[in-house]
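In what comes next, subunit A is part of two complexes: it sits with subunit B in the first one and with subunit C in the second one.
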Partner chain A sequence: MSFDPAILARIQFAFTVSFHIIFPTISIGLAAFLAIMEGLWLKTRDPLYMQIYRFWLGIFAMGFGVGVVTGIVLSFEFGLAFAKFGQMAGPAIGPMIGLEVLTSFFLEAGFLGIMLFGFNRVGPKLHFLATCMVALGTLLSASWILSANSWMQTPDGVVVEHGRVVVTDWLKVIVNPSWPYRLPHMLIAAYITGSFLVAGVGAWYLLRGEHQAFGRRTVSIGLTFATMLIGCQVFVGDMLYGKMLEHQPAKMQAAEGFWEKQSQSPAPYYWFIVPDQQNQRNRFALGTPYLGSIWLTHSLKGRVEGLKNTPRDRQPVMGWVFYGFRTMYGLAIIMFGLCIASLWLRWQGRLFTTRWFLRSLVVMTPSGVIATLGGWYLAETGRQPWVIYNVLRTADAVSPVPAGVLLSTLIAFVCIYALFMTAFLIFTFRMIRRGPQAAPSEPVATGSLKHALKPAVMNDPAGRNPAPVE
Partner chain B sequence: MSRSAWRLLGAIGVAVLGVAFFFVIVGVFGLPASMIALVLFIALTLAISRRPQPERRQP
Partner chain C sequence: MNLPLLSALFTAFALSLYVLLDGFDLGVGALLLAQSDERLRDRMVDSIMPTWDGNETWLIMAGVALLAAFPIAYGVLLPAFYIPLIVMLLALGLRGVSFEFRYQVEQGRRFWDAAFGVGSIVAALMQGLIVGGLIQGVAVDGERFSGSVFDVFQPFPALTAITLLAGYVLLGAGWLHLKATAPLREFAQRCLRLAAPAFVCLAVATCVTAAWVQPGIRAAWAAHTIALTVICVLFAGTTAALLRAIGGRVDGRPFFLALALFVLGVAGLGFGIFPDIVPFRLTLWAAASSTLSHVFLLVGALIVTPVVLAYSAFAYRTFRGKTPEAGWEA
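Let's turn to the complex of A and B:
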């Protein structure tokens, strides 16, 4: 049996980057949430805010650690599996990755220690500053990575000379046409992820009748932010859609599931299709009449362009793009609906007592992560067959590495990452089961996993180790 | 009309309002309408979120 090295290289990168993106999404969202919680504690001195901070700090730290480790792998993969991409695009991508390290990693590395271990070693305001700096670091990191990735989607500010990219305008490289839209889209996605995460855990406590004060506060804050952010996301998402239609029409043609150059009028909005790429048609399609015209052309009878407008050798695989988009958009609609329901229940004073709603929140706890993954599948599979849009094909970017090497490293990645994920889930669920009162007042470096989650007995001169709230 | 009937009517009204907000924010009626709807949506969220919830131990 023989494997295609190009396919294996792509599967390996898809697997490692899909795994990685889960953790930055969580840590960007949680870092901002933690900064808000500590800020509210500083302002009000309500011990419940500090309890919420302490509880989520542990989960944030674990997610942050896994995110950093799995992110480093990606840089190596550029060189190992996609060396030709590195050779060609290095002059543009390399400095941006370097700047990510210089600005965000240094900032995070400098303040993360204070954030995790400095509760009783620095004053409350300096500790709050450290939390804000870590949150800022996660934002800057996302900004540079989005800049690099957006440049691959909509390259600008370069010329290609002797098979290599030569930068002619750095501002155009960094602020490329899609970056101003994709960055807020990703950041809002991360903040929504954090909001649903904290609201979901709070709802779980309310359903079990445990840690009521903690549950009510986190459900309330999580849903308030989620509701405002989902509105912003719908708005930004539509702007980004228009921008990508302008720059990458093939991606958006595939995302909507239409093949013909012009769809019928009025166009339906497809929810489910069975695409047949070979024959350039759908074997089956299920949609809502008129909705395609209304949403995509903002008119009652507008027509939508199909994938046949793009030559076959430049078409992405419709199935991946379509379902990546539907996963993201479908979950966004459900989130929007839940947020509307939360407003209604809050208006009636039943937000914390309506069991179906609390159960829905628990089910939706990981929805932000799944939607973000869907969005990245849309972005990355929709760019194919290009790795740098209209500049370098993915097939031409792969290193001349034997398939056996790629297969063995892929298996190794799957095994190690399965270990990471298992450890992350076990520790997270254990912390959630133990509840906020069991969260350590300060993480203690014991060198032993056994003691990792045991509450530490520390001096508390600043009054940040409150008595149980309930 | 009974309390549950009022509640059902209210829920349907809110659902319709939610769909309307979604369609306007997503840009069906143009960018200016979209921006106004978003500001209104956020203001509404903030106003309702300040509403106190009655204390109950068990859901």
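Let's turn to the complex of A and C:
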């Protein structure tokens, strides 16, 4: 059996980066949420806010840990499996990632310790500052990474000399054409992810009739943020769509599922297709008539451009791009619907008692993560066959590493990451099941955060630590 | 101005800081396997818990600085050390999540402690393997790695791997000696008594073998005889002081003397391979990126590094002194 090293290198990168992005998305969202909760606690001194803070801090810490260790891998993978990419693009993306490490990794790392273990070592205001610094760190990190990735999507500010990128204008490299749209899109996605996470867990408590005060407060806060953010996201997403249509038409052609240079009129909006890349057609397609024309051309009978407008050797694989987009877009529509419903139910005073709604929130708890992954699949598979759009092909960037070695390390990554994910999910579920009272409501010396992280000790009657009273 | 040289200095600075800081973290991790008392293991982990994340960040900094300033070397070295690097990254990952996950369990904490210890040891060994592979030499054809990814698995890199592990254990034991109260401090003393002579003997063996396997090292001896002799003398003196300081009244002395040994080791390595970035194959000027890339990285580093060092120091200060026996929040 023989494998193509280029395919294996791509699968390995796709797997590790997909796994990684789950955790920063959660961290960016939760860090902002935690900063707001601690700020509200400082202002109102309502112990409920501190309880919310303590509860979500435990989950944040675990997610952050997994995000850090899987992120380290990525900064080396540019060279491990894609040496030519590192050699060519290093002068442009290297300094940006370097600045990311300097401005955000160290900020997070320096203040995370104080955030997690410093309650009794620093005052509440300084502790709040530490939380804000960690949240700022996640934001800066996203900003640099989106800059580097957007440069790969829409490279600017460089010339290519002897197979190497030479930067001519840093401002154009950092503020490349797609970055101003992709950064807010990703940040809002992360904040929406955090909002649905928080609201989903709160709704689960309300359904079970437990921790009512905690559940009501978090459902209310989560939905408030989600509603405000989803409105912005529709707006930003639409602008980004237009921008990508301009810079990477092939991506958007693949994303809508049409092959012919001009689609039929009126164009349907496809929800499900079985694409046949070989013969440049769909074996099967299911869509809503007229909707494609209306949404994509803003007219009743407009035609949509298909993938045949792009030469075959420059086409992305339609299936990945289409389903990445549909996953993100479909979930966004459901989220939008739920937010509208929440406004109505809130006005009716039934937000915390309508069971179908709370159940939907529970189901939608991980929706932000899945939608974000879908969006990244659209962005990254839609850029193919290029690793740097119109500059370097992915297949030409691969390192001289034998396929067998790549396959072995891929299997190792899958095994170890599966262990990480299993442990993360088990511990998160366990924390949620134990409930927020396992986290102490006041930052006092007897009820430490770390003891909150050791609930088994507190449940042990002979344990060293007295259970905190709620 | 010689920008590639400045970038190389910054990369070397980040890498040295990584070795010094994560060195004791990894050493403490390795020593977890030697400690059977779970409560003492809790305190060992507590001692490095608040700062490990920042320590490990210097590794990313060094890697990314290499990508930014010396992309050609990055593209040669990373495929050359593909296997040890991936194994190291997985080991560091296992160790990193063990920090968080071990607190989640009471019954299975042994499992995560074992994962923590094994992860630390494997990461240290892989780093040593890479250092050895660098000194032994990497096959380069133009700007491309032309050897086999298995080239690094040779006797000399294996020796450097064990040497580095012994050095990290020495640093870790020194750190525990500084941070721990009895009875963990006694444990640290016993470890120091074993690790210090072991590391020094292995380090001497590594230096001698290096000159034997790599003509470039012999050339470096000829070129920098005085500097390298001074380093050797200082190394011997520091070793003597370290052996005397174990169990002495000043808890921090063994740790700082062990750090000094590492600084001398790094300096010696620097004299040995300068001005190459892929030792004995590519100079740092031949592998460098264009001017503006250096400018951007260096200006950023110049402004931000002092701030990073300041609040890293603040974090260390916040958690200074002996690690509380019942955890940081007690």
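Observations, loosely collected:
To be clear about the criterion, the second predicted complex is superposed on the first by the 441 of 470 C-alpha atoms of A that agree within 3 Å, B and C clash if a C-alpha of one lies under 4 Å from a C-alpha of the other, contacts with A are read in each partner's own complex, and residues count from 1 in each chain.
Here is the rule we use: contacts are C-beta pairs under 8 Å (C-beta built on N, C-alpha and C of every residue); 3 or more make two chains touch, one makes a residue touch a chain.
Model, not experiment: these values are computed from the prediction.
When the two structures are aligned on the shared chain, A:G65 is found in touch with subunit C, with no touch to subunit B.
Applying the stated contact rule after C-alpha superposition, one finds that A:W344 touches subunit B and leaves subunit C untouched. When both complexes are overlaid on chain A, the residue A:G231 reaches subunit B alone and has no touch with subunit C.
Of the two partner chains placed around the shared chain by superposition, subunit C is the only one that A:G110 touches, whereas subunit B remains out of contact.
Once the two complexes are overlaid on the shared chain, A:F429 sits clear of subunit B and of subunit C alike. Considering which of subunit B and subunit C touches more of subunit A, the answer is C. Once chain A of one complex is fitted onto chain A of the other, the partner contacts of A:L206 are limited to subunit B, with no touch recorded for subunit C.
By the touch criterion defined above, A:S399 reaches subunit C but does not reach subunit B.
Applying the stated contact rule after C-alpha superposition, one finds that A:F272 touches neither subunit B nor subunit C. Here subunit B touches subunit A in the complex through residues 7, 10-11, 14-15, 17-18, 21-23, 25-30, 34-35, 38, 41-42, 44-46, 48-49, 51-54, 56-59, going by the rule given at the top.
By the touch criterion stated above, subunit A contacts subunit C in their complex at residues 61-62, 65-66, 68-73, 75-76, 78-81, 83-84, 86-95, 97-103, 105-114, 116-122, 164, 166-168, 170, 399-402, 405, 409, 412-413, 416, 419-420, 423-424, 427, 430, 445, 448-451, 453-454, 456-457, 460, 464.
On subunit A, the positions that touch subunit B within their shared complex are 206-207, 209, 212, 216, 220, 223-224, 227-228, 231-232, 234-235, 237-239, 294-295, 298, 333, 336-337, 339-341, 343-344, 346-349, 351-355, 358. By the touch criterion stated above, subunit C contacts subunit A in their complex at residues 49-51, 53-54, 56-57, 59-61, 63-65, 67-72, 74-79, 82-83, 85-87, 89-90, 92-94, 96-97, 99-101, 103-107, 143-146, 149, 289-290, 292-293, 296-297, 300-301, 304-305, 308, 311-312, 314-315, 318-319, 326-330.
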